[in-house]
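The structures considered in this document are given below.
Two complexes come next, and they have one chain in common, chain A, joined by chain B in the first and chain C in the second.
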Partner chain A sequence: MTARLGMRLPGRSKKEREPLGPYGRVGKAVEELDERLGIAKGGKTFLDKIFPDHWSFMLGEIALYTFVILLVTGVFLTLYYVPSSALTIYHGPYKPLDGQLVSQAFSSTMDLSFTVRAGLLMRQMHHWACDIFVGAIVLHMARVFFTGAFRKPRELNWTIGLTMLILAILNGFIGYSLPDDLISGTGIRIAYSILLSIPVVGSYLAFFLFGGNFPGTSIIPRFYVLHVLIIPAVLVGLLGAHLFLLVRQKHTQFPGPGKTERNVVGSPMYPVFMAKTTGFLFMISGVVALLGTFFQVNPIWQFGQYKASNISYAVQPDWYMGWLDGALRVMPAWEFVGWGHTIPFNVFVPAIIFPGIIFNICYAWPAIERRYTKDNLLHNLLDRPRDRPKRTAAGAAMLGLLSTLFVASATDVLANFFKISLNTVLVSMRVLTVIVPVIAYFLTYRICKELQAVPGAGKRKVVNVVAMTEGGEYTATPVAPPPELVDHELDAEPVPGLIGEDAPADAVAAAAAVGGRPGNVGTSSVRTVPR
Partner chain B sequence: MSDHHDEPESTGDEPSRTPVQMPTSASWSDPHLQPAARHPQFVERLIGFTFIVGLLSFCAFGAAYWQNWAPWALGLTLGAGMLFVGTGITAWGKYLMPRGPFVEERHVLQSSKQDVESFTNALVERGATPVKRRKVLGGMLGAGMGVFGIVAMFPLLRSLGPLPKNTLATTDWKAGSYLVDQLGNRISQYSLAVGSFATVFPEGWEDQDRGQAVDQTFLVHLEAEGPIAGMPAGRSTWTPAGYVAYSKLCTHAGCPVGLFERELGLLICPCHQSMFKLAEGAIPIFGPAPRPLPQLPLAIDADGYLYASAGYNQPVGPGYWERP
Partner chain C sequence: MAPRLTSSARQLVGAALLGVTVVLGLLSFAGAAEAATVKGSPPKVEQQVIPRPTPYYDQFNSGMASSSIRVFGTNGQLLMYGNRDVKYYLPQMLVSGKTPAALWALGYQLFEQNCSACHGVEADGVPPANTPSPGNVPYPNLTGLGPATYDFWIESGRMPAASTPQTQPMRRPARLNELQALAISDFLNTKSPQCPLCYAASPFVPNVLDLATANLSDGAALFALNCAACHTITGDGDALANSTFAPSLRDVPARQVAEALRTGPGNMPVFSGNLTDAQLRDVVAYVTEKIQHPQNPGGLGLGGIGPVAEGFIGLALGVGLLALVGFWIGDRS
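And then the complex of A and B:
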């Protein structure tokens, strides 16, 4: 201690300081940090953390990074958006609406789009990022479902992810309602009617949420605080838990040589995964920026201010609300009236009961499957969808049902486009809603069974180099595919040796002799799974 | 890499012919054949190029923002910069960094039997002591918490809005309310040609939220003369001079029923395509709407202006629990 203090005595020149070690300033910084926080041991484990390579594992990354874009662009938007229904006269560069009586919410969104520098770009990027965000979550969830990644021990993370999907859909709806334009206002009107449809408490819920009769002046500020504070805060918390569980339980992987239930084979966190995932963040941001630049989304100046007695034709909600809108359309006009009460099943069933059933099936699925298969083991290796035909077929049926309802949300557009009667379209959609899931189930089941029966179906084909010998005979030599295509099928190597230097032979031997902590140089614990 | 890849893969699917070893090294795993390994300088230059293009794009974005160029210039430069830099970083990670595959052992997350035992023991025994000994205290604490929870609902929920009372069941249409358009002009029986329509409100409510949202009414000059054949019994006096008025709120989900199909005499809701037959009391003939649109009884005063001879005789809009 005194020696160290002595080094720091004033009057000494900088050059006489303790020389930097072999790792230079980085080494010094690590040392200083480690003395205070003890970062080295955990940090090394973190840098060595292995991420399996498979294209389907990037779907969750897309969701994560579009969420980052949503946060950044969203903060920009909050600086200019005014969450108020108070009326004002719009004055601005968009002449068709100049001088019109509009709400401050609408007026400020117009200013964002036409006056604020880069405001339109940020608005468009925010909207596009949201559409991609929800889509990426859905695809990620489908990947997790079809490969059985939700099985023990990851049921909790499935639950967290599903909750995030519901919150994402909800916040998307609330978010595109904020500009107070004609189309989103109609959506809020329908949401009010949906709340009203709930038996016993419906009108109270609607009055409490909206602060009275529709439309009132409370809903915009309330939606605003939900959209920018409460739901994002919950989402960030759940996201943190989602990622913490991912790190704690480690990633799943597809079966292959060297891959077992007890290891993870892939690229290390640092530097490969970090580089690739950072690059991916930039690429997604670039794609979202270009989408926001060249593909118009939600042009509120074409719709105009919301007015409860106005309505536009052929408007659909954002895509992730489509299945609910479709359910509202295909539901028959059933309403119970009796004993002085009304239960509007035509709204209550498709808008409350139906999504409730869908999401509860999703929540319960890991438990349902565990009960059905009596499989209580820990699973780190993924299933191939064909090997679980019933699960795959059930997933296909669910996607079939939701897709049909999504299409049904465009009955009017379809009728116009194909020049057929609206009645024909609606009746067809009612029929399809029932039969598509059934067909999807049996078709998928059949395909899975067929694929199981075809040996080697879906496996990488072996390349044969055909050559003619001098004698005129043809020979075929099977050749292994290029390594950049099959790296996840290769034998695994232990972590550290690769980063920087080759492990000396005696270090390998030493590590093997002491039993080699996992991840140490040259552990020979790689088990090869016969293909 | 192990020797594994120098040999042809020995999988279940052997080729039909007996493989003959090629004299030359034709293996794909030969590092000389990997493009990145074959031309590392080229790959480095390519990545450097993407970084420079990205950097220039970001500079252009700065210039575009500073000079306040068109939004597409902002988006193009920002997007291109992000894409190029992202591609460069990804390529760097993919081609110039040690990719592995590496292997990491999974640690068993489960604790030892002893640890589980001692944890559970502490949880049950140590935690149970106070409750066992002081059941009354525990009960009182529980009761207090419960009451707090219920009481907390009042500021959190109850003050969010007024009670519905009867407001959902009533409109501002009364006997004698004149029909006015969006701007407050009264509608006379000569205002609309046969086959035209207007959205009307009770006079004085046309610029109110409630007038717009609840009282909005669809007025159509359906025929040259009233009464209109086909109307439900008892409504023969409701359609003077061939004018008919219905609530514009859809009985399905409350959208304004704003599409008037003149040839078919239908009113169509643009939200979910419910169709109402205008000449027959707006009964729903198609779609998810369960009830006819409530009809407003009309009358004409001495000057020819239209007014309501009574309010709506039932709640307008979608169904709800308290609706009789």
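And then the complex of A and C:
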């Protein structure tokens, strides 16, 4: 503006501007910020934070970024969704439901799917992101479990992570219920019945949550508040605590040359990890967007409004609730009737007691393991799963049990698809639920032991030179590996710092020689820092 | 980095893994699409198409209080019967150029050839040489079941039965054409023990000709209330107890949907008193128009089997693909 008007402010001419530092405009801007806010110290710690490079450390990031996608798409959905059970007449492009009396929740979700521009894409991305979110949490948790990353000092973060998983499952279920369609309404009905099955307090709890008898008009607005406000707020808080502890306690790492209990080997936040993780964010958004575009999820228009009189067969919950549905299905129909009361064990045991036991085992696992191993040391180096065969086998048994129950949630689909009797499938699933964990335990234990017994299993083999003697005999001679096979990555190499620290003089000189910045010097970005 | 693999080699491996995933995805896409097409169009069977005149259906409004309606033709034959809510028309009037006697004779011959080995020459479920039935379940007595029943079982290909005994016969390409089915119907009507040549006892082939005027919205609501509990809300069908199943409705012609509603084949309830003819048409129209040709945005439908398939896609394509991406950009020491 000033230039166009031909004016010059005193002392601000281009020529007189102080020269930019070695880090250019960004460095200058950061310096200005530091003068005011003192960000250099914390910022340097953050930008220099070391992230181990192993791929399995990326699984938690899938969960983190799908959570971001969930927040963004979720905000879009709240702009159009009406959390009300009030009845209205649906009029819209989907003719088979035109003129039907539906709730505003259902009607607004129909509008989101058919009328709002990009609404269906947002709905489907939200749903797929949720499916991936919970899946990534489970995978991340499995990695932490099987490598022993939950051991002292990280038990608290294990607890926080597990709580987030439970909240994610809960919020997934609640969100799935919000459209008030036939399928999710059936889910709410099951939830109501599960609450009722709790002895003594069940009916009070159910009436409290639903504001009266099922279905009532309170549950949709209440679920909405839980879904968009309370649970996400708790999740964000726990996520902050999770990441804070991660930074505070620093990452674990797999054992290897140069890696000890007292250091962390990996790439710094800036520039290596930042580039990786940003790329990963785009990849995750891309995959979710592709799924939302090409794969239909939860087509509520086919289901119609939920009415207490209606039900559809072949109804399953989303996959992360599947194991609970499966547990309900395989449970024999046992109940206690006496003194004017009924205790429906067929609901109470699989839907309340069983998940209670499962989650409590998970919560207590670090303590259980400490108690049995009498191991009270700090652990920053991870275990190879094979080296802890009992833990690995227990984890496999748990996954086996939950997977079997997940499959059991599709008894009817299996029976129909393979044209076998539903009764046969159900009985088979009961048997499998009992024997699969046992088989998984012993099989995994055996495999771990075998892997331990084979020296160097899974490791790079020694290089041999095979030669034929004049007599025709072949000999194999082990030789030193050629340089390109030697593991250089673990050798620590200094990388110039960014903020508040001058780049080493030789790095600057080397950079000047090739016309670049000090950050470009050196072929490796891997660094070792003390804990 | 100076890794064991050069970074371009690493990217190549990553790209290859991604490529394999994409190919797998495309293959499953193609598989699903193929399954969908197979589902959508059953193999064509050569059929003799008989023009069906609109019966004297609309001449009778539903305001008549009488519990029974009978309409007779010029030479005294029964054309239509019914009550205030349900009206049936006779198959005879569909057959042009066939005298009742010739039709009966054809039916008799076809029955002897195709049906009597199990159902008995008298159609009473007593097979000739005491042929053992599978599982010692007696063969059904066919007398007095009504034309809609006969037409449904024959035209859906379930009868004559497959040689391997099944707990519940499956839909197949029809073995007999429409005229032959009508002929067998005509023959079996005369075996009705209550009154030979009397048609009032059983449902006749329902009228599904004027589906264009049907109310799809009502049909959808009635379907959700009455049919979804077994056939599922998407009409794909599902397994019931003891090897029985609710069949998929994706390839059932309109007339057979209506016949099934009125006659209740197998485990299915008979919907006659609680569905008016107009409601019947609404349901049939919803099934044949919206269940079979869904207005279905949002991408690949995943076979309509719901969250199990969705979870599989979410875990395999979503989490799996992203873990592969992590594997690609991460380190594998």
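Note that the second predicted complex is superposed on the first by the 436 of 531 C-alpha atoms of A that agree within 3 Å, B and C clash if a C-alpha of one lies under 4 Å from a C-alpha of the other, contacts with A are read in each partner's own complex, and residues count from 1 in each chain.
Throughout what follows, a contact is a pair of C-beta atoms (placed from the backbone, for glycine too) under 8 Å apart; a residue touches a chain by one contact, two chains touch by 3 or more.
Since this is a predicted model, take the numbers as computed values, not measurements.
Residue contacts after overlaying the shared chain place A:L328 against chain B, while chain C stays out of touching range.
In the superposition on chain A, A:L382 makes contact with neither chain B nor chain C.
In the overlay built on the shared chain, the residue A:D131 is in contact with chain C alone; chain B does not reach it. Shared-chain residue A:C362: touches no atom of chain B or chain C.
Residue contacts after overlaying the shared chain place A:F294 against chain B and chain C alike. Shared-chain residue A:D48: touches chain B; no touch with chain C.
Once the two complexes are laid over each other on the shared chain, residue contacts for A:L59 go to chain C alone; chain B is not touched. Taking chain B and chain C in turn and counting the residues of chain A each one touches, the greater count comes from B.
In the superposed model, A:A314 lies in contact with both chain B and chain C.
After overlaying the two complexes on the shared chain, residue contacts for A:G99 are found with chain C alone; chain B is out of touch.
In the superposition on chain A, the residues of chain A contacted by chain B and by chain C overlap at 53, 120, 124, 276, 279-280, 283-284, 287-288, 292-294, 307, 309-315, 411-412, 422-423, 484, 487-488, 490, 523, 525-526. Of all residues in chain A, only 52-59, 61-62, 94-100, 113-114, 120, 124, 127-128, 131-132, 135-136, 139, 182-183, 254, 256, 276, 279-280, 283-284, 287-288, 291-299, 301-304, 307, 309-320, 322, 406, 409-413, 415-416, 419-423, 425, 460, 484-485, 487-490, 523-526 touch chain C in the complex they form.
Across the interface of their complex, chain A is touched by residues 1-2, 4-5, 7-9, 11-17, 19-22, 26-29, 33-34, 36, 65, 68, 71-72, 74-76, 78-94, 97-107, 109, 157-158, 160-164, 167-168, 182, 199, 201, 209-210, 212-214, 216, 248, 252-256, 258-259, 270-274, 284, 286-291, 317-324 of chain B. The part of chain C that touches chain A in the complex is made up of residues 1-4, 167, 216-217, 219-221, 224-225, 228-234, 236-243, 245-246, 286, 290, 294-302, 304-308, 310-315, 317-319, 321-323, 325-333.
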